[in-house]
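Take a look at the structures listed below.
The two complexes that follow have subunit A in common; it is paired with subunit B in the first and with subunit C in the second.
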Partner chain A sequence: MKVAVVGAGPAGVRAVEVLLGAGIRPVWIDEAADGGGRIYQRPPAPLQRDPKALYGFEAARASDLHAALDAAKPRADWRPDTLVWNIHSGRKQLNTLNAGRQGVVEYDAAILCTGAMDRVVPVPGWTLPGVTTMGGAQIALKSQGCGIGRQVAFLGSGPLLWLVAYQYAKAGAQIAAVLDTTAFATKLAAAPGLLRGPATFAKGLYYVAWLRAHGIRIAEGVTPLAIEGTGDVTGITWRDAAGRTQCAACDAVGLGWGLKPEAQLADLAGIPFDFDALQHNWVPRRDAAGRSPVPGLYLAGDGSGIGGAEVAELAGARAAMALLQDAGHAVETAALDRRLAGLARFRAALEKAFPFPAHLAAGLPDDALFCRCEGLTAGELRATITGPTVAAPELNRAKAVSRAGMGRCQGRVCGPAAAEILAAKLGCTVAEVGRLRGQAPVKPIPLVATP
Partner chain B sequence: MTETRCEVLIVGAGGAGCSAALHLALRGSRVVLLERGQVGGQASGVNYGGVRQQGRNPAELPIARKSREIWGRMKQLAGTEAEFTVTGHLKLARTDAEEADLIAYLDVARQHGLPLRMVGRNAIHVEYPWLGPKVVAGSFAPEDGSANPRLMAPALARAARDAGATIHERTEVVEYAHDGTLFHLRTLAGGTFSAPVLLNLAGFWGGRIAAAFGEAVPIVPLCPNMVVTEPVRYFIEPNLGVVGGNVYLRQIPRGNIIIGGGHGESDPGQPGDTPWSRPVPEVTMQAARLAIALVPALEGVQIIRTWSGIDGQMPDRIPVIGPSSTTPGLFHAFGFSGHGFQLGPAIGAIMSELVLDGRTDIPLEPFRITRFAPAA
Partner chain C sequence: MRLARLRDTDRVPLHLSLEGAGIAALEGDTLLTALLAGGGGYLREGEFGDGRRAGFCLMGACQDCWVAVEGLGRVRACATLARPGMKVTRG
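This part shows the complex of A and B:
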């Protein structure tokens, strides 16, 4: 049986581990040079740093995963630096690109563990050099041991906001401000649910408390106004919960509002997507064990709906077990299923605590850029309703008319904001305007003269 | 549910259908246009965007000439020129045989008043220094160019609606009937429409409508395999094609290069289904190789997106255009076989002439629906 696993983050590592345990040697592909995923990304060899400094509270978990990764690599058909740019679920083929060369991987069953990326809400000035996503800011620190600036403001919502600010402060950066678009009351209301995951909740509280104790400027329930500067970032302005305009000087901004699944392969495979109202994300359809409706395809980790690294490890193992079960192996999963169900309840509370600020995207001024690749303003997207063509009733038509999402990112960055802007203009829900359809390649690939 | 009555029913809101709705509405007809998906959602919206006359089957040239005149006033007609740009079309030969083919076509062009200039072996690499050594000659049609297919049908639809036409998107017709005087159409949602005239402008699915009226034709789905690159420095001005048509490419001034060649795969679906189509990776890679052979500087430029859509192809690669042989009041124009985008505006005008004047100056005999042997 030919099995392929795409991705070597927490989900991919645990999936491969289970497969190897059952005597299956999968083709294991990751786009990066090393596994670990974005969350447990390791610095390149000359930059080795202490796991405690890199991963904080997650150091033990990171070290465990790295150990499993390193043990599994030589036992699997490990293919790093390889982009899977297309999938043909009918022929059961993956199209790959490695060092400029095309390849095809055949599979009987495949587990897609494709991870997630930052979810961005455009803010006037967000395209200035020095503005980075929260995840990007964290990777700079983890992988390269450098910060995105010397005096950094963080803007967004979700657990990563506090964690990255804490990590930057610990690394010696000056934190200009930590600006949370979620009001304290919203988080408080979700606190009972958050207690289901006491360790995670306690860690979150610790970061906030640490930042406060170190006198770092913190504001909750803010409305971002603009990232200021011409050529470089010089500051950030916002409206505070009381309606007053505030500002802070800074030379870099990290921003992000949670994560969105990198689910393009699931899309290209023909797996249907559903709008998860709680996550406020489109997620590929799968059962609790990770089986997709497309025969032979399994999904695990944040690429199948945001659950975080701990869930991803369990879900990766579970998807591999589902694959084995479907292949006739007897596998015991009851305990794992109970743990996954418990974590899902905690996740629901977390989403309630840090809701996606749809109103910020929907309310973006007409002259603000939302699509970086094509240089489009919110006003230009809104104009797809009024002509010179028949009105765009959904996102793909708006893309065709306006070019939103037609650039290098193919809507990976601007898609969620575009959906909010269009939905608000049409007066319908964001689920009703749909999502940008996936089109190969998943990421840009070169035109080549020889295959 | 009450039946919606009008003078002309059109099925299919591609370029031809939208143009027909516009031309009829401008002349005062009460028109209803029914579209299963969205305006310009298939062949008209996903094609390469070539506004090309040279190289066409001679039978199509009178339509192409008429259409080119309409393209020239698209801004006045539809409110936008849909990025129509007269860049010229350069058709390239890569062998002696292909060069002979280009030379032979000069006579065809002359007969139809189509300006065409041969660019010989010495001139071709001087005039276009970015062409690769495999290119031996070309013929240049200065009146040709390209437009943005994503904009054209929706713009014509908007203009048609402004002129009084009614357009229903996401309205699939599932039942066709004719009572001797009126056509009666029923939609998937249960709506009913009637009119004394029915225009079948439904692309690949036009074959199914013809079959519903007892004149089935041998039509098959055709899916162009399309690629677009990241934007790079603008240097390819003319729209490029080759003899044989296995690759074609153009660059838009903002820098992206659109490359077509070969065919994707599709399922047009049964009534009620959502059709799908998609490019095929090996075909994309083959088109890349052929494109690099024409323009070596393309090597390494990044592909950012690929796509396809569904057109209808006839065995002789020219469409069915004209009145039904079985049912009075029914007119067809479908099966454009992968090159209907340029023709769409004129097809709408011709349909309006057939309906309102009972005649057109354009010779339609080669496109008659009865030209195929009856299906066994």
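This part shows the complex of A and C:
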């Protein structure tokens, strides 16, 4: 049986581990040079790899995953530095690109563990050099030992906001401000549910308490106004919960509002997507074990709906077990299924504590850039509802008219904000306005790539 | 934009160039780190007159850190390791 696993983050590592244990040697592909995914990304070899310094409270978990990764690599058909740029679920083929060379991987069954990226709300000034995603700010520190600036402001909502600010402060960066768009009361209301995951909840409280104890400027329930500067970032302005305009000087800003699945391959494979109202994300359809409606395709990890790294490890193993069960193996999964169900309930509370600020995207000023690739303003997108020739009743028509999502990132960055802007203008829900459909290649590839 | 080197700076130095100007970097730097910690300031100009860019996601997704390296062609600066002597032009 030919099995392919795409991705070597927490889900991919545990999926491959289960497959190897059952005597299956999968083709295992990752776009990066090493595995670990973005959360447990290891620095390049010349940098130090002290797990405690790099991963904090997650050091033991990271070390365990790296050990499993390193043990699995030589036993699998490990193919790093390889982009899967298309999938033909009918022919059961993956198209790959490695060092400029095209390849085709045939599979009988495949597990897609394609991960996630930051979900971003545009803010006037967000294209200035010095502004990165929250995940980007963390990668700079974790993988390169660098801060995105000397005096950094963090803007967004969710667990990563507090974690990254804490990591930067510990590493010696000056924190200009931590700006949370979620009001304290919203988080408080979700607290009972968060107690389902006491360790995670306690860590979150610890970061916030540490930042407060160190006198770092914190504001909750803010409305971002602009990232200031002409050539570089010089400051950030916002409206506080009481309606007053505030500002802080800084030379860099990290921003992000949770994560969104990188699910382009699932889309190209023909797996249907559903709008998950709680996550406020479009997610590819799968059952609790990771089976997709497309025969032979399984999904696990944040690429199949945001659950976080701990869930991803379990879900990766579970998807591989589902694959084995469907191939006629007897596998016991009851305990694993109970753990996954428990973690899903905690996740639901987390989403309630940090809701996506749809109103901020919908309220972006007409002259603000929302699409980095094509340099489009919110006003240009809003204008698509009247033409020029055919009115845009949904997002893909708006893309055809305005080029929103047609640029080099293929809508990865602007897609969620574009949907909010258009839905608000049309007076419909973001679920009704649709999602940008995936197109191959899922990332730009050179025209000269050879077969 | 200037990346701040906060830790792990005791590494072998390497030198490359951006638009012909020398850039001092360290072994293990990505091109993005090398150029933006070394004083390069930015990586590319937006094609539509909307200003300078210096990457955004740092994880290979946003495609906003493209630069050209002599002999390699166009690469994502965040996903390419800096090598001694690389001749880089802005994307």
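Convention: the second predicted complex is superposed on the first by the 448 of 451 C-alpha atoms of A that agree within 3 Å, B and C clash if a C-alpha of one lies under 4 Å from a C-alpha of the other, contacts with A are read in each partner's own complex, and residues count from 1 in each chain.
Assume contacts are C-beta pairs under 8 Å (C-beta built on N, C-alpha and C of every residue); 3 or more make two chains touch, one makes a residue touch a chain.
Note that the coordinates shown come from a computational prediction; the quantities given were computed from them, not determined experimentally.
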Joint occupancy of subunit A by subunit B and subunit C, clash or fit: fit
Partner chain(s) touched by A:Glu31 [first = subunit B, second = subunit C, both, neither]: second
First (subunit B), second (subunit C), both or neither touched by A:His88: first
Contacts of A:Ala400 with subunit B and subunit C, given as first, second, both or neither: first
First, second, both or neither for A:Gln102, with subunit B first and subunit C second: first
Which superposed partner A:Gly215 touches (first subunit B, second subunit C, both, neither): neither
Touched partner set for A:Pro446, first subunit B, second subunit C, both or neither: both
Subunit B or subunit C, by number of subunit A residues touched: C
Contacts of A:Leu47 with subunit B and subunit C, given as first, second, both or neither: second
Minimal inter-chain CA distance - subunit C and subunit B, angstrom: 7
Where subunit A meets both subunit C and subunit B, residue numbers: 407-408, 444, 446
Subunit A - residues contacting subunit B, complex: 86, 88, 95, 102, 104, 387-390, 393, 397, 400-401, 406-408, 410, 439-441, 444-451
Touching residues (chain side subunit C, partner subunit A) in the complex: 1-9, 11-12, 26-30, 33, 36-37, 41-43, 46-64, 66, 73-74, 79, 81
Subunit B residues within the subunit A interface of the complex: 38-39, 45, 78-80, 150-151, 154-155, 157-158, 161, 167, 169, 229-230, 259, 278-279, 281, 284-285, 288-289, 291-293, 298-307
Partner subunit C, residues of subunit A touching it in the complex: 31-32, 38, 43-48, 53, 117-118, 127-133, 135-137, 139-141, 143-150, 171-173, 231-233, 251-252, 262, 369, 372-375, 407-409, 412-413, 443-444, 446
